[in-house]
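What follows is a set of notes on a single structure, which appears directly below.
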Amino acid sequence: MANSMQEKSTPIAGAALDLRIWEWLVGLLFIGLLVFVTPIPKVAAIGLVFAAAVVKAVLVVRKYMHLAAEHWLLYVLALTPVVLIAGMAIALLPDIAFRP
Amino acid sequence: MEAAPNIEAVVQFGDGDSIREIPAARLAIWLFLASEIMVFGGLMSCFMLLRIAHGGWDAEAAHVHWRIGAFNTLVLLTSSLTMALACTSAKERKRGTARRLRTYLGFTIVLGLTFLGVKACEYSLEFAKGFTPGAGLFWAFYYTLTGLHSLHVLAGIILNTTLWIAAARADLVPVVQRRIEYAGLYWHFVDVVWIFLFPLVYLT
Amino acid sequence: MHWLPSDVSTFGPSVDHVFHLILGIVGVWFIAAEGAIILFACWFRRRPGRTASYVSGHNLRELAWILVPALVVVILDFSIDVAAGHAWDEIKLESPKPALTVSVTAERFAWIFDYAGPDGKYGTPDDYWSMAKLYVPVNQVVRVEMRSMDVIHSFAVPNLRLRQDVVPGRTISAWFEATKPGTYEIECTELCGFDHYRMQGSLVVLSDSDYARWQHEHWSPIAAKPSSAESTGVRQ
Amino acid sequence: MSQAAIQRNVLPVEHHEELSFVGKYVFSTDHKTIAKQYLGISLFMAIVGGFTAYAIRWQLAWPSSAIPGVGTITPDAYNTLVTMHGTIMVFFVAMPFLLGVFGNFCIPLMIGASDMAFPRLNMLSVWTLLLGALILLASFFVPGGAAAAGWTGYAPLSARPDLTPAVLGQDMWIVALALEFSSFLMGGVNFITTALNMRAPGMGFWRVPLLVWYEVTASVLFLLSVGPLIGGAVMLLLDRLVGAGFFLPAKGGDPLLWEHLFWFFGHPEVYVVALPGFGIMLEILPVFSRKPIFAYRALVYCALTTTGLSLIVWAHHMFISGMDPRLATPFTVTTILISVPFAVIVFAMIATLWGGSIKFDTPMLFALGGLTSFLLGGVTGIFLGSAATDIYLHGTYFVVAHFHYTLFPVTFFAGFAGLYYWYPKMFGRLMNETWGKVHFWLTMAAFQGVFMPLFLSGIAGTPRRVFAPNEYSLFKAIQPLQVHATIAAVILLLAQLPFVVNFFWSLKRGTQAKDNPWHANTLEWSVSSPPPHDNFERTPRVRRWPYEYSAPGASLDWSPQAERGDAMPATGRH
């Protein structure tokens, strides 16, 4: 049911779509590696590498795990923990990361 | 909010809440994955926080084999592709579906095993250099994070293998077609975890 | 209130004030709620020939019966937050300039207090250290810099309304100003193992003259020779 | 779901009697049997936990004397006792009792489902819990004894094998907790999926009984909060086994990290236990006051608000832990804000009594006892939630009294209320009323007698987890408070004997229960007592909300959810 909706919404679908997504993933992987090997400021490098990682994750989750075609509740289920973890990490910054 | 209930309408249209239309197993898997995100997310945040506290651990991080890690990432991404192809073929209702499904699942299993094999070699290389889990916080985190992830990969391989065996029996193919979606969700999640672990451990 | 131990610190009153503020607020609510439950239980007990009334609390008029009290609760909550916030800042955030700084080392199962001695420098021969007894002058701001050698301990002086965990790997400081000479109990209030309950010390608050005498008797008179190695005062 | 179907196909109802004892009671996938298995585990662990409580109390009252039935104990043994008492009571009594028993038994019945969504997963949960419980109990008998680092397991005390005698015991403690967590993760997934997915036709969200709402929100909360601690447990175990050093400053680790991970779960855990307890009380109050629950929807929103808020208050356990003092006030605000949803819940319960026709059967007595006792636990939380007073009260008996006044009422008062209330549905017979009332009044009186004195001794400053409070000059004078608490504690434990006798006696001799002995509306009362294997002969059609009592124009003063009837229009919006 999920996939049928997807087929309507996107021009390519099924195996072709899976393949296209994979091409993107590999491309992003190599972009990340490229950023890693090129001598640019560490902060910028980390930022770019993780940006690529986030895009990869979003692609996998939305297409391979077809969250793109799912009920809003599953979005909530997937995002709530991410938000919580981010909040916890931020709350812990002063104690653990920048401890006296 | 529910409108004034005309009982029969309610009975027919499931009270207008669409949530019960989500297949129970899919809902359960996503709930399970949510808790998994908290586990891995928690560990990763601990790693990042202590890493900041210790000024980056660049010296230690220089010792991990990022090329091997990159190769493993490629392996896992590809296994995600074969898994996705297996799920896609499971949805189509034409001849040879079962065969294609088994082929793709087989590839996924082999790629998963490759990942574990490569990881094992990597571990042995690091052990050889004396970088054991007790050799400092960075290595403790390295082994905890990648080890826990590898255990998840192993679980995924076992799950996929049971489906692969079941798919050989014509009478079980429908069951496999139904259940492979859930195995796929789990496998892709394990892939997503690695997508973040790789830069976190190898590229920073 | 007499059930709290006597208070001998400058910030004690603010803690006690918050305590009594909360006691007053929640006391009233507690008695009101319990009273309501008991009264209703008696009034509306089952009696022959009387049926219950149908009140579902679905229109705002009925809901008001619980929403208005809830709103009052919110307001009172914030009043507590403000009072508590002020007291907290006074005790834990705004530490005044100390007249005396003592380095406290918590070690299973003992408190060790290091004084820098006459020269005011640690790691010099004239350092003075005392086991389990913390001598301080009255009406002087004392700063304690606390370290732990092993596990988490907690430096607690009920009479000072002061408590601070001592975490290994960190130097955590606290301050207090004792207002009354006397000897007060120091406890460890974080489970630290076998003899946790015996990990006690005493805070000896001395009048200025007594403190001077104590200093004269115990602090070694030899002049501080400048030492290059300024240790942090941690006992190894 | 599919397993359930298969299950039904291979074991038609009439074959159940022929099933072997093992097949029927041991490896059962029936949620009702599994609920009874949880009941067995939790009550047995409650006996163990109660015994530790007895030993602790005796030691505190008469530190120099030998404990009858135990003998003289070392300070290490005392630390073991307090550690295991906390661990057992929170993780192996409160959770299985409130979630395992009532969640399993009530959720499918109340929403009109034939079983849980995943019966086999359900069976796996209970067996995982049992394994954890056995490992925890076994740790008492390994060399070095059981864990002795406090139920909070603060590092480094828990992270270094050389600091407590419990070397293997502490490892087993971690493993047992890991198993308990995974058990309730599986259970929680099952609860949530079942409640969202398997509601009978007509059972819209606004017709779901509050107990189901509260069990599900509790499960969601557990699911969202326990993850980091599972990671933390792995780290702690590695600290102990390979000296990884995550929490050891000597190796660059940080003890505060464990405290944060523990309390990020530890505080929500309180609500994971409290919400189901309140759910039970909220089910029982309307039935015995023959009135609709007051402000049903508000109560649902309160559960959701509490769930959300409880995830951002954890650091109030750490005000004086050495964490950044600037964090204290924000966490004070969020903490004290939780009093609002709980105040609304309490007000709604009180409002439900107003204008009712209240019958004081044992379940109602326990529900009211739970409410009145919890109130004190709730309000004393404000003292500890506000950073300034926490400086003074933290780590004293005030804390002990406070959390016993919150957890005991929701676990035992609400739990017993639920047990007396659903016992006829579980076992087909009613428990004896007279002995039930005796049980209640003794428990009520003794409970207050134990923990009231501890509030006073806490306000006086007595530190908790001390082997001998009379060793402190400051507290010698108030030692009588400890003695008082101990005498009351012994009475409290003895007061449970009437219950135990009543429970087993009623199994065989209790009066046969009709389908709906309390004249309640929820679906479980529309089937036989005990219900058949698949609960409902035919899927019920739900026609109204669960709290339609004394509806104007109705012929009876209750209107079961699935019954056609006159009371419908009165509550059109339900």
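Letters are used for the chains, namely A, B, C and D, taken in the order the chains are written, and counting of residues starts over at 1 for each.
Here is the rule we use: contacts are C-beta pairs under 8 Å (C-beta built on N, C-alpha and C of every residue); 3 or more make two chains touch, one makes a residue touch a chain.
No experiment lies behind these values; they were computed from the predicted model shown.
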Next item on the list: Identify the chain pair joined by the greatest number of C-beta pairs in contact.
Entry: C-D
Next item on the list: Give, as an integer number of Å, the spacing between the C-alpha centres of chain D and chain B.
Entry: 33
Next item on the list: Could you grab the centroid distance between chain A and chain B? Build each centroid from C-alpha atoms only and quote it in angstrom.
Entry: 14
Item checked: Distance between chain centroids, defined by C-alpha means - chain A, chain D (Å) -> 38
Next item on the list: Find every residue in chain A that makes contact with two or more other chains and list them.
Entry: 73, 80-81, 84-85, 88, 92, 96, 99
Check: Mind pulling the chain C residues that touch 2 or more other chains?
Finding: 170, 172
Checklist line | Shared-contact residues (touching 2 or more other chains) in chain D | finding: 196, 224, 227-228, 253-254, 256-257, 326, 573
Next item on the list: Just spell out which pairs of chains touch, all of them.
Entry: A-B, A-C, A-D, B-D, C-D
Next item on the list: Provide the residue numbers of chain D that touch chain A in the complex, in ascending order.
Entry: 196, 224, 227-228, 254, 256-257, 260, 264, 311-312, 315, 323-324, 326-327
Note to self: Give the list of chain D residues in touch with chain B in this complex.
What the structure shows: 1, 117-118, 185, 188-190, 192-194, 196-199, 201-207, 223-232, 234-235, 238, 242-246, 251-254, 257, 261, 541, 543, 572-574
Checklist line | List of chain A residues in touch with chain C within their complex | finding: 99-100
Check: Which positions of chain C touch chain A when the two form their complex?
Finding: 170-172
Note to self: Which stretch or stretches of chain C touch chain D in the complex?
What the structure shows: 3-5, 14-15, 18-19, 22-23, 25-26, 29-30, 33-34, 36-38, 40-41, 44-47, 50-58, 62-63, 65-67, 69-70, 73-74, 77-78, 80-81, 83-89, 91-93, 108, 150-152, 154, 156, 158-159, 161-170, 172, 185, 187-198, 200
